[in-house]
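For clarity, chains are labelled A, B, C, D, E and F in written order, and residue numbers in each chain start from 1.
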Amino acid sequence: MSLAGTVRKGYVRPLDLKHGRVDMGHGAGGRAMAQLISELFAAAFANEHLDRGDDGAVLPAPAAGERLVVATDAHVVSPLFFPGGDIGCLSVHGTINDLAVMGARPLYLAASFILEEGFPLADLARIVASMAHASRESGVPVVTGDTKVVEQGKGDGVFITTTGVGALPVGREIGGANARPGDAILVSGTLGDHGMAIMAQRESLAFDSEIASDTAALHGLIGAMLDAVPTIRVLRDPTRGGLATTLNEIATQSGVGMELDEAAIPVQPQVAAACELLGLDPLYVANEGKLIAICAADDAEPLLAAMRAHPLGERAARIGTVTADPNAFVQIRTSFGGRRMVDWLSGEQLPRIC
Amino acid sequence: MKYVDEFRDGTLARKLADAIAREADPGRNYAFMEFCGGHTHAISRYGVTDLLPANVRMIHGPGCPVCVLPIGRIDMAIRLALSRPDVTICTYGDCLRVPASDGLSLLKAKARGADIRMVYSAADALALAQKLPEREVVFFAIGFETTTPPTALVLRQAQALGLANFSVLCNHVLTPSAILTILESPEVRELGTVPLDGFIGPAHVSTIIGSRPYAFFAEEYRKPVVIAGFEPLDVMQAIRMLIRQVNEGRAEVENEFTRAVSEEGNLKAQGLVSEVFELRRSFEWRGLREVPYSALRIRAPFAAWDAEAKFGLEFVSVPDNRACECGAILRGVKTPIDCKLFGTVCTPENPMGSCMVSSEGACAAHYNYGRFRDIPVVAGTAS
Amino acid sequence: MCLAIPARIVELLPGDACRVDLGGVRKEISLALVDGAEVGDYVIVHVGYALSKLDEEEAEQTLALFAEAGLAGPALAAATEDGA
Amino acid sequence: MSLAGTVRKGYVRPLDLKHGRVDMGHGAGGRAMAQLISELFAAAFANEHLDRGDDGAVLPAPAAGERLVVATDAHVVSPLFFPGGDIGCLSVHGTINDLAVMGARPLYLAASFILEEGFPLADLARIVASMAHASRESGVPVVTGDTKVVEQGKGDGVFITTTGVGALPVGREIGGANARPGDAILVSGTLGDHGMAIMAQRESLAFDSEIASDTAALHGLIGAMLDAVPTIRVLRDPTRGGLATTLNEIATQSGVGMELDEAAIPVQPQVAAACELLGLDPLYVANEGKLIAICAADDAEPLLAAMRAHPLGERAARIGTVTADPNAFVQIRTSFGGRRMVDWLSGEQLPRIC
Amino acid sequence: MKYVDEFRDGTLARKLADAIAREADPGRNYAFMEFCGGHTHAISRYGVTDLLPANVRMIHGPGCPVCVLPIGRIDMAIRLALSRPDVTICTYGDCLRVPASDGLSLLKAKARGADIRMVYSAADALALAQKLPEREVVFFAIGFETTTPPTALVLRQAQALGLANFSVLCNHVLTPSAILTILESPEVRELGTVPLDGFIGPAHVSTIIGSRPYAFFAEEYRKPVVIAGFEPLDVMQAIRMLIRQVNEGRAEVENEFTRAVSEEGNLKAQGLVSEVFELRRSFEWRGLREVPYSALRIRAPFAAWDAEAKFGLEFVSVPDNRACECGAILRGVKTPIDCKLFGTVCTPENPMGSCMVSSEGACAAHYNYGRFRDIPVVAGTAS
Amino acid sequence: MCLAIPARIVELLPGDACRVDLGGVRKEISLALVDGAEVGDYVIVHVGYALSKLDEEEAEQTLALFAEAGLAGPALAAATEDGA
C-alpha cells in the first residue's frame, strides 16, 4: 500500500465504484494502482500508519516485558458473501482470533489482496468496507497492505491474506502443547455455524435455512476469560476441520488423549439438520467465532461462568476431559451410550470455507 | 428432527441393550452380518458395539457400493475424462477418492486437469448437461437399488429432451445377488470359517424392492433376515429380532422398518428400473470377483445415453493390491486389523483398498471410529 | 451415500418436486418416484429423491416397541409378525 | 502452520514429492494438510518458533528504544521459475527489502500459500526449498504460515504472501516523504534486470538472452549504507513500475520534483536491447534487488562509496537531483541532449512480475 | 546495438542542432508535419524539440494506426468477442486500451470475460489458431503499409493450411491517402490555419512502398517530403533537409533513410499485398472522417478468412466524444493543450480519445513526456 | 507498434525464418518478406518480420553526413541528391 494518498485529487477521474472492474493495470504498479489504493483501500482503512504511504508501517513496539505474536492466514472463501458475513470481515476476525488464542493483545493487521481481472469494483468496495468496519469494531487497524491483480481464470474474485501482530505479556503461556491429563475441555458456543452457512450457498447442495456464519473477533471474550482464569492452558479457534480436527491437533501437540461427551456439545438444531441432510458431522464443520479452552479441572467452573457472561460465550459448555493417552486419541461417549474415536478430518469436508 | 432423533435416543438404547443382554443365550455366540454400509456406519458412529454383549458379533458385509466397485470401472471414467477434454464426469462425492490404476483416483485425475464434479443427485448431472451444451456430461452412476431409480429417471428425461450431450456410465448393482454370493462362498458354505447366523437387510433398498426378495435366502439357506432402518435403535432392534429367530430356530424375513418398507416395495420405481435397465450377465465386484446377474446395464432404447456405448469404453479387470484384504473383509472372512497395511500404509488419506475409502467401508469405519479399541486407553490422571 | 432420512413435505412444487423440511432446514427434492404424497406427509429422502412415504402410525408403534424393551417379557413376538 | 510436527511419523506414508500433486484435501484442515505442513513446510523452514506448531508465533520483541516495522506483499509472478530465481526466493527478498528500505532490521517472516489444485508437489518442494535457502541466507526465519488450496482454474500454481516484521531504532527516519530539493538521487545498480528476465519467459514474446533476475535481499547493503551515512532520507526498492514509478511516488509523497541524468542511469546492454525489441522503457521495468537512495548532496559521495564497496552495490550511480516543484514532476535530461518527463507507469508494462 | 546507438548519439545531435540553427532562416517560421507516430515518439522520447530553434515547429500527424482507428471498428471486435464465447481476439498490444462504445475497450471487454490476447506478431495469432482448434481465432489487424505484408502472409498461410478457425478483421490503412486528405483539408488548402512547410515520411513504410508514392505530393502540392528513419538523429537530419528545401524553394522527395529505403521499395511484399488485399472504396479515419480509397479489404479468394464476412460484422460509425479534439489534432489544427479534457478527464489511464492511447499519439506523447513544458519548473534550491 | 529496428542475422532457420541478434539478445523472426538475406546481414525488423535489408555502406555514409554537420559549409547538398 505504498502509494496511499500519492495521486493528486482532481487530476484524474475518480474510480468508477459502480460499474468499474479490476483490470490488469490496477496491479501493474503505476498510476491506476495508486488510484485504486488511495481511493479505495486507504480511504476505507485510514489511520496514521497507513497514511504514511510507505512500503511498510512504522509502529510503536509492545510495552516492555511483552513479546510479539505474529499470525497469518490466507482467506479464499467461496462464495465471497454469505449469511452473516463476507470475506472481508472474515479476514479480519480470522487473524485477530489467531493472535487472541495465543493470549496476545491484537495490535495491527497487514492486508494483502490478490484480485482477479474483471472483479467488480463495487464488490471490492463492499468487501473493503466490511473489513474496515470489522477492523474499527475490533480496534485493530490495518496498517499496511499490498494489491496484486491476476488474469481472469487465474484467481477467484479476491483472495485476502491478513497478517496480525500482537503483544503477549511475559509469563502468559498459552499453547496447544500445554494440555494435561485431567484438564477440562470447554467450547464457547454452538459448532458448525460458519461452515454450514457457506455450504447452504453452494449451488449443487443448496438448501434454505436461517444458519448464519458465527464470524466474530474473539479477543474481547478471551480478555474476559483471562481476567477470570489467568492460567488457561490452551486456547484455539476451531476453524477448518472443525472441533474434531482442532482437538486432535492439540492432543498430538500435548501428547494427551481426550474424552468428549457428545451430549454436552452445543450444536444448533438447523446445523444438525443440515449436516444430516448432507451426511456431514458438525464436529468437522468450520467455525469462525468460537474457541476451545482447556484449563485445569478446578478452573473449569469459573472459566465457564466468565465465558457465559460474555455475549460471544453465552452458550459455552464443558464438553470433555483430557486423558493420558500416548496415542493422542480423541474419543467421545455418544449420547446413544457408546464410544468411538473422533479422528482428524480426512479428505475434505467442505471446500473453501475460509 | 422428527423420526430421526427418537431413533437415536440413549435411554431407549439402554432399554434395548438390556433386552438384548437378557435374550442372548450366554451359552452361544451370535454372528450377524449387516450387509449394508449404512448400518456399518451407524454401528460405528453411535458406538452400538458397546451396547452389545460380548457374544454378539457384527460382521461388516459388502453393502457399500463404493467398496465393491472394481478398479477397472473407475479406470474407465478416468481414462475417458483424461483423454477427452470436452468430457465432464459427475458423480456422488464418495466415489472421488476410490483408488484406481496408476496411483490415480477421480480426485487425483481432477488435480491432473480432468473435469470431475461432485453432485448431490443424478438430477444435478442432468441439469449440468443442459447448462453446458458444449460439454459431454457423463454421470458416473453407482449404488444399489436405492440410487438406481433416480438414474433411470434422468435417463428417461434425457431421452425425452433429446439431450445429446448427457450419458450415464452405469455401475448399479443388486443386493440380493451379493448376499447370495456370500452365502455361496466356500468360507460360509463349507469351511464354516465365517459363522453367519443372520443378516440385517438395508431398509432403504427394501423401500424400493420390498422385503420379498429375501425370502429365498431365509428358506433356502436357513438364515434369518431382518430388514432394518439406519438409526441405531433400528439396528439394535434388528439384532434383538435376529437373536430371537436364532434362539427359536426360525429363519424368516422380518421387517423392523415397517414405517416405510412393505412386502412388495415401490412398484412405480421397480417399473421404471425395468423399463430402463436390464441384467448384466456378470459383473465384477471388488472382493467377490465376477458375480453372475449382479448388476444392471442400460437397455438398447437408451443406448444413445449409455456412456459405455457412446464412448466405446472397455472394462479391463485390474487386480487389487496384493496385500489388501478387502476381498476377505467384504466376505466377512477377515477384519481390518488382519490386514498388514491397515493404519500404516493404508489410511483414509492414502487408501490402498476400497474399504478404506467410504466412511461406510469396514476399514475406514474401523480406522475413523474404532481404532482406539485396538489399543487400551490409559486412564486420565485426574478426571 | 447410503443416507436416507425422513423429512416432511411443506410445499408441492411443479414438475413432480416438493420442498421438504428437516429440523427447520428446507430443501427441494423430487417426488417422481412416489405417488400421492401430500403436504404434511413424511417421506424417506435419498440422493434428492423421495423413495417412499413414511407411515407415522407404524413409526409410533416401533418406538413403542423400543420403549417396552425395558420391561422384561415377550411383548416383541406379536409385533414382529406384524412387521415382516 | 498450526499443525507443524503434529502428525506422527511412520503412521502415514510420506508425501510423494516426486509425482504427487496438490489436491483439495491438502487445504481442508485435516490430516492431509497437517502432513503437507509437517513434511514440507515445517521441515524446510524449521526453527524454534515455527516448530511450536500453534496458529501464530511467539517472538522476542525488539530491543528497547526500537519501533516495529511491518510490511506485506503478495507474490503472483508468472512463470514461477525464471532465470536468477523463483517465486520462493522472490517472496523472501521482496518483503525483507520492504522492511530494509524503511531502515528496519528485518527480524521475522510469515508466509501464506495459496495453492492451486493439481500443482505438482515437486515444484512446490523446489519453491519451498528456495524460500528456506533465501530465509537462512538472509538470517530472517519464517516463523509462522498458512496454506490454502483452491480448485483448479481458480489460482495459478502458487501465490505466496509474505509479511515481515522488523525493528527500527528510534530516531531513524527514512521514508518517501523526506526528499528535499537539492538532495542527490542514487541507485544501487543496473535497472530492469528482473522484469526482463520474466519477460524473456513469456511464450508470446520469447527471446534468448543471458538476462537473470537481480532478486536479492538488500538489508546487508542498507546496513553498510546506514553505517556510512546514517542520515539517508529516502530508501525504496523500485519493484513494480520500475525506477520511474517509484521516483514519482517519492516525488509526490515529498512534494518535490526530480531531474535525472539519462546518461548516468545504469542499464545492462542486453536489458536495453530486449527493451528495444519489445518497445519497452527500462525505467519502467521491475527490479527485485535494487534500491533508490536519496540523501543530502554532501552525503552523496560517501554514500556512493559505501554502496560500491558492497557486492550488491558495485554499479551504484548518482542519477539525479531533487528539485523544488509543486507539480512533483520527474524530469530527465536525455543523453541525446533534450529533456522530457518521466511519468508514472500508465497501464501495464509487464504482467505478473512479482 | 549497432546501427541503433550511433543514431542516438548526443555529440552528433549537438552538431546537427548547430547545423540546423545555422541553416534555419531567423526571419521565417518553419512548420513540418511528422506524419508518423513513430517520429512523434522519437521527438518526445529524446527531447528533440529542445535541440531545434524556436522558429522550427513540429506538427504531429495522423500516422499512428491506433489513433486513427474509428470507434466503430473496435466495437466490431468487442461485440464479436462478447457475443461469441468461442472467439479469441488477438491483436497488437497498443489496441487494447482504445476507448470504444459503452465505456468499453478491448481490455475492459477482457475483464468482462471476453477472450482477448496480445500478440507480438500476426504469425503468433496463426499459431494460436493451430494450437486451439476448438476456438475461433480472429486476428484484429491494424497498421499502415508495414504491418500489412505480415497480415497478407498469414492469410495466405491460413488458406494453404485450410485453417478454418482463423480469420482476420482487417483495418489496414494507407499512408499516402491520409497525407492527401490533410493536404486537401480546408485548413491547409484554403484557410492557411495550418502552415505546413513539409512532411517527414516514415522510413519503415517506405521500406515496403519505396519513396516514389510521395512524388505526387511534392509535385502537385509543392510540399517537400523527406523520408526519415526513426532514430532521433534521422529526424534531425530530415528536419535539416526540409529546411534546406524550403530555403531553396525546392519541393522534392528526399530520402534520409538510404540505408534501407529505395525508390521502388520491397516488390515481393507489394506483390503479396496486392494478391491478398484490394482497396476499400472508402474507410472512416478518426479525425479525418471518411477517406476515399484509404484502406484495404481482403480479396474474395480469401473470404473464408475474412472475419467481417465470416461473422457478418457490421461497421456502425460512432461519433467521438464531443469535447475530444483528436480530429483537429490529427489534422494539425490543434495541439493537445487546446483540448479541455487534456490531463484532467482524459489521461492515459482514462483515455477519452484515441490520441491519448498509444504512446505514439499526440496527446499521450505530450502527457507522458511533455507536460512539464506547460508549467515552468521551479529551480532546485541546492543543485 | 511502429517499432522497426535493425538486427543482425546470426542463423538461418527452416521455413523462411532466421535468428537475429540485437545487442546480445536473440529472437526468431520471419524472412518471408525479404529475398536473399544471409547470416551477417542486418535487417529491419518489425512485428516479427524482416521488412528489408540494411545497406551498411549507406548507413556509414549517413553517419558521416551527421558528423560533417558540425563543420560549417555546404557538404550536405551533394549527399541529399544521392539519397532521394
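The rule we apply is simple: a residue touches a chain if its C-beta (ideal position, glycine included) is under 8 Å from a C-beta of that chain, and two chains touch if they have at least 3 such contacts.
Only a predicted model underlies this, so the values are computations on that prediction, with no experimental measurement involved.
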Chain at maximum distance from chain D, centres defined as averaged CA atoms: C
Per Cα centroids, the chain farthest from chain E: C
Between A-B and A-E, the pair joined by more C-beta contacts: A-B
Angle, in degrees to the nearest 5, of the Cα rotation that carries chain A onto chain D: 180
Approximate Å spacing (C-alpha centroids) for the pair chain A, chain C: 39
CA centroid of chain C to CA centroid of chain D, Å: 63
Inter-centroid spacing, chain F versus chain C (mean Cα positions, whole Å): 87
Distance from chain D to chain B - Cα centre to Cα centre, in angstrom: 55
Residue numbers of chain E (touch at least two other chains): 1, 4, 9, 14, 120, 124, 347-349
Touching two or more other chains - residue numbers and ranges from chain D: 24-25, 31-32, 269, 272-273, 276, 346-347
For chain F, residues contacting two or more additional chains: 1, 3, 5, 22-23
Touching residues (chain side chain F, partner chain D) in the complex: 1, 3, 5, 7, 22-27, 45
Touching residues (chain side chain B, partner chain A) in the complex: 1, 4, 8-10, 13-14, 17, 44-51, 97, 117-120, 124, 232, 347-349, 367-372, 375, 377-383
Partner chain B, residues of chain C touching it in the complex: 1-6, 8, 22-23, 30, 32-35, 42, 44, 46-49, 51-56, 58-59, 61-63, 65-67, 69-70, 72, 76-77, 80, 82-84
Interfacial residue positions of chain D with respect to chain B in the complex: 10-13, 16, 19, 21-25, 31-32, 35, 117-118, 152
Chain D residues within the chain F interface of the complex: 206-211, 269-270, 272-274, 276-277, 279
